[in-house]
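After this come two complexes, each holding chain A, first together with chain B and then together with chain C.
So, the complex of A and B:
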C-alpha cells in the first residue's frame, strides 16, 4: 500500500472519529426519543438498538396526544402532571413566531445600520461600533432583573412581542458586526458607479450592494435564528404562559423525576425547524458572490 | 458633450490641503490625461469632477454651468474605475442597462443601446454572462460599455488599465483611443503611467503634490519640460540629469560635472560658476565604441563612460553606463555588441540638451 493511499485512509478514519464524537450525542438523543421507557432505563445493560421502537413520546409532545399509562412511568416513580402538560405544539409555534420575527427584525435593522456604518463616515463611527459590540459584553443574566421590570411596566412581559424585542436586541450587535464586514468586502466604487449611473443612496443599497452580499445576509440570519431558537434564559424570565421550546422542555424535569422520553422527543423535533431553515438558505451560504465585481 | 472648466479649485481634508487652487480648461471633445505620481491629487481631482468628493473652494463648470452642488447622479457623467466596479450579481446586459433602467427608459431603447455598445466593444456573445465569468479585459470593456450607453457629457477614467496585464493594456489603450475618436466625448483620464498619457492624450496635465506642474500636448511636454520634475517624469527611460557648474564665458562656456566637460548650446549665455542641471534624453546620446583612434584624438564633444548593463528591447538597445560616477542611460538602434565593463563614447546632441536652474529646478 503506498503512503498516499494510507494517508487518505487515515484522513477518512480521523474524520469519521471526529464526526462520530459530534454526532453521537444527537443520535443517542434521537434514539432515546423512540425508545420505550424500559429501554431508556435498563438497570442491567445499555440498550442500543434491541428495543421495540415507539412513537408514543412524539404522539404526546408533538401531536398533543394523551399521556398513555402503558408508559408505566408511575412504576418508575416518574412525575405526572396535568392534562396537556407535555403538549409541545404551542411551544414550537411560539418558538417559530419568536425566532422568525426576531431574525427578520434583527437582520433587517442591522442591514441598514451596517450599510451606513460601512459607507458613511461620521464623527465617532469607530467608537460607535465598539459601543454596539460592548452591548454583548454583559451576560444576559446581568440584565435580566431590570429587563423583567421594564418589560412588566411596558406590558411586554409574557407576550410574543416582548421576547421578539429581547431577542432582536441581543442579536443586533452580532448581526451588525457581521453584516458590516460583508458590506466592507464590497468595494465602495460599486456604490459610486451606481450613483454615477443615477441611483439614489437607497437604490445603491437595495439594488446593487444588498444582492451582492445576500450570502452574508443568509449567514447572519441563520446565526440569529439559531440564537433565538435555542435561547433559554430571557425566555424563562420574561414569560409565564408562553413557553418557547427550551423553556418548555425544562418543565419535563419535575420534582419527582425527568421525562427523558418526552424531553428527547421534543428536543429532537426542535432540531428540525432550524435544520429546515438552514437548508432553505444554504444555497446562499457561499462567499464569492462579489466575485467579478472587481479585479480579484 | 461638454467643456469642463476648473477654476481656483481647492480641496482640504481637515488641515491638509491636497489640491491647491487649480485651474484647468478642457475643451469640448478633448481627451485630457491627468498624470502624476501616487498621492499627487489626480484621482481626487477626477472624483471632484465626478461629484464623489466635495469641493472646498473654487468652481467646477460643465459648459459654463456650476456643478459644485450638483449630485453625481445628476451630472450626466460616466466613470470607469480601476477595479471595474461592476454589479457582480447582474449579467453584462443588466450591468450596461442599469442606468437606463433607473431612468425608466423604454425597453426597446435599452436593447438598442446595449446592442450598440456591445457591438462596439465586442461583447455581443457575453451579454448574458455574469462578470465573474469574464476575463479582466472583458470586464473592463463591460465597465466601458456601462459608461458609453449613457451618452454622457463627460467620460471619466480612473486608472482603468492598471489592473490589466501588459499586453492587454496596450490593446485596451488603443480601444479607448479609438472609442474616443468615434464618440468624441470630452474625456478626463487619470493615470500614473506616462506611456498611457503620451499615447492617448490630446493634452497631458502633469500634477505633483496638488499642483499642476505643466500642461500641454504630449510632444510639447516631452520636448519642452517646464522643470526638472516634468523632465524626469515624462519619458522612459527617463531623462539623464547631471548636476553641473558652468565654466568659461560666452561662446566658450561649458558645463562641468565632476571633472567631465559637457558642451552647452552656443546661442545661450550663462554666468560662470552658476549651478545647473544638465538634462539629456537617452535617445539624444549617440553611442560609439571606444576605438584607438578616439583614444588618441580625444574627441572634445564625446564623453567616456563605462557600460554597466545592456538591455536589448528589440527595436533598440538601452545601455546603462557610468559617467564620472553618475548613472547615465543611452539608447541606440544600432546593433552594437557591448559588454558590461566596456568603455564607450557618448556624444550628446547639443540641440536637444535641456538645462534647468540648479536652485529652482525650472527650465532655463
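So, the complex of A and C:
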C-alpha cells in the first residue's frame, strides 16, 4: 500500500472519530430520552443498550400526557410534583411566538436601517455602525437590572411582548450588520438606474434591491430565529410564569433530583428546529456568524 | 404626488432619518437608556437594613475595587476565556485543515460539524450535566475506568476540576464556529503561493506557518474578537451547570453580577459589577478592532 493511500485512509478515520466526538453528546441525549428511567439511573447499564425504547418522556413533555400514567417513572417519586410540571407544550408555543415575532421585527426594522447605511451617505454613518456593533458586544447582564425596572413600569414584565422586544434588541445588531453586507454586494448602479426611471428611494429599496437579496434576508431571519430560540439569560430574568423552552428545561432540575428522561426529551425536541433551519442556510452561515465581516 | 412635494426633506426617503428611526429608537430605549440607568444606579449606596438608597457616587465603585470576590471573578473569567479561546482556536484550525477537502463524504461531515451550534446553551449545560453525573454519567464512568478520576471527586463538585468541566462544554459547542470560519478562510486562499512553495521544496508544515497563517491573520483576528467577547459574557453554562460553585470556584464576573442581583437584591452594586464587565468588553473590543483594522 502506498503512502498517499494510507494518508487518505488515516484522514477519513481521524475525521470520522472527531465528528463522532462532536455528535456524541447530542446522540447520547437523544438516546437517554427514549430510555426507560431504570436504564438511565443504573450505572451498570450506562453504556449497555438492553432496554425497550419508550416514548413516555415525549408523551409527557411535548404531548401533555399525564406523568402518573408512566408506571416506570412514578415509583421514583423525584422532581417537582404536580401533574403539569413537565408539560412543555406551553413553553414550546411561547418560544415559537417569541422567536417568530422577534425575528420578523428585527429583520424588517434592520432592513430599513441597513439599506440607509449602505446607500445614503451621511455624516456619522461610521459612528452609527460602531454604536450598533457595541450593542452586539454588550453583555446582557449589564442591562438586565434596569430592564427589569423599565419592563415593570411599562407592564412588559412576564409578557410575551416583553421578551419579543428583548430578543429583537439582541438580534438587531446582528441583523443590521449582516443585511448591510448583503446590500453592499448589490452595485449602486442598480439604484441609480431605478431612480433615473423615476423610482423614489423607497420604491427602489422595496421593488428593486430587496428582491435581489432575498437569500440574504432569509439567512438573516434564520439566524435571528435560532438566537431567539436558544436565548437563556434575558428570558430567565424577565419572566416568572411564561417560560421559554431553555428556561423550562432548567426547571426540571430540582433539589431532590433531575428528571433526566423529561430533560432529555424536551431538550432533544428543542434542537430539532434549529438544526433543520441551519441546514437551509449553510451557504451564508459563516457570513452570518461573523455579522457580514467574512463574505462567502 | 402633491403631498410628497410639500414634505420637508428629512421626512422623505431621501433622508436617512425615516430609515434609521425605528431601529434607533428601540436601541436607545431598551439598549442605551438601561446602560445609563445602570450607571446612575451605581452612584447610589443601598442600605441593606432600611432598603433605602442614598446618592454616594463613589461608594459602589470603591466597593468594587476592594471586593476580593470581584478580583477572584476576574481571574476565573480570564482563565476561562484564555483556555477556552486557545482550545477552540487550535482545535478549530486543525479540524478545518482536516475537513478542507472535496473528497467524498467530507461535505456531510462539515454539515454535521455545525450541529452543536444550534443547541441552546442551557441544553448544552444539561447534556454535560448528564454525562458528568458522578454515579451514572458516561464521561465520569469512562474516566473512572481509565483511573483518571475518582468517584469521590465529581468533576463539577470539585474546585480544581469544575471550571474545566464548564470549559469542555463551551469548547464542544463553539469549536464548530471556529471550524466554519477557518474553513471559509482556507477556501479563500489563492493557490499559486502554495504551488510555488512546494516547488521550492517547502514542507506542508512550513507552508502552513509561513503562508497559511499570515494570509489568514485577518480572519483569525476576527474569530478571536467575536468568540473572545462571547466567552467574556459567559453566563448560561455557569448558571446551569455549577451555579458558580462549588463555593465560588466557577464564579465569573457575569455570574457574580447575577448572584448579587438575585441573592442580595443590592441592585446598585449588581449594576456596578455588570457595568465593569461592559467597560472591559468595550475597551478590549475597540482596541482590538483598531489594532487589527477589522471592518464590519
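The working rule: the second predicted complex is superposed on the first by the 245 of 296 C-alpha atoms of A that agree within 3 Å, B and C clash if a C-alpha of one lies under 4 Å from a C-alpha of the other, contacts with A are read in each partner's own complex, and residues count from 1 in each chain.
Definition applied: a residue touches a chain if its C-beta (ideal position, glycine included) is under 8 Å from a C-beta of that chain, and two chains touch if they have at least 3 such contacts.
Model, not experiment: these values are computed from the prediction.
Chemist: Just chain B (first), just chain C (second), both, or neither: which does A:165 touch?
Modeler: It touches chain C, and chain B stays clear.
Chemist: Look at A:16 in the shared chain and tell me whether it touches chain B only, chain C only, both, or neither; answer first, second, both or neither.
Modeler: Only chain C is touched by A:16; chain B is not.
Chemist: For A:208, select first, second, both or neither according to whether it touches chain B, chain C, the two together, or no partner.
Modeler: first
Chemist: Counting residues of chain A in contact, which comes out ahead: chain B or chain C?
Modeler: Of chain B and chain C, C contacts more residues of chain A.
Chemist: Would you sort A:200 into first (chain B), second (chain C), both or neither based on which partner it touches?
Modeler: both
Chemist: Counting only touches as set out at the top, which of chain B and chain C does A:187 meet: first, second, both, neither?
Modeler: The answer is first: A:187 touches chain B but not chain C.
Chemist: For chain A, which residues belong to both interfaces, chain B and chain C?
Modeler: In chain A, positions 200, 289-294 sit in both the chain B and chain C interfaces.
Chemist: Residue numbers of chain C touching chain A in their complex, please.
Modeler: Spelled out, the residues of chain C in touch with chain A are 4, 12-16, 18-20, 22-24, 26-27, 30-31, 33-35, 37-38, 41, 95, 98-99, 101, 103, 105-106, 109, 111-131, 135-138, 141, 172, 175-177, 180-181, 183-185, 219, 222-223, 226, 229, 232-233, 235-236, 239-240, 254, 257-258, 261, 267, 270-271, 274-275, 277-278, 281-282, 285, 294-296.
Chemist: Can you list the residues on chain B that touch chain A in the complex?
Modeler: So the residues of chain B in touch with chain A come to 50-52, 71-73, 75, 77-79, 81-89, 98-99, 102-103, 130-134, 136, 139, 143, 146, 150, 163.
Chemist: Would you tell me which residues of chain A are touching chain B in their complex?
Modeler: Interface residues on the chain A side: 187, 189-190, 192-200, 203, 207-208, 211-212, 214, 288-295.
Chemist: Write out the stretch or stretches of chain A touching chain C in their complex.
Modeler: Counting only chain A, the residues touching chain C are 8, 11-12, 14-16, 18-19, 22-23, 25-26, 28-29, 32, 40-43, 46-47, 109-110, 112-113, 115-117, 120, 122, 125, 128-129, 131-135, 137-147, 149-150, 165-166, 168-169, 172, 176-177, 181, 200-202, 205, 226, 229-233, 236, 245-247, 249-250, 253, 258, 260, 263-264, 267, 270-271, 274-275, 277-279, 282, 285-286, 289-294, 296.
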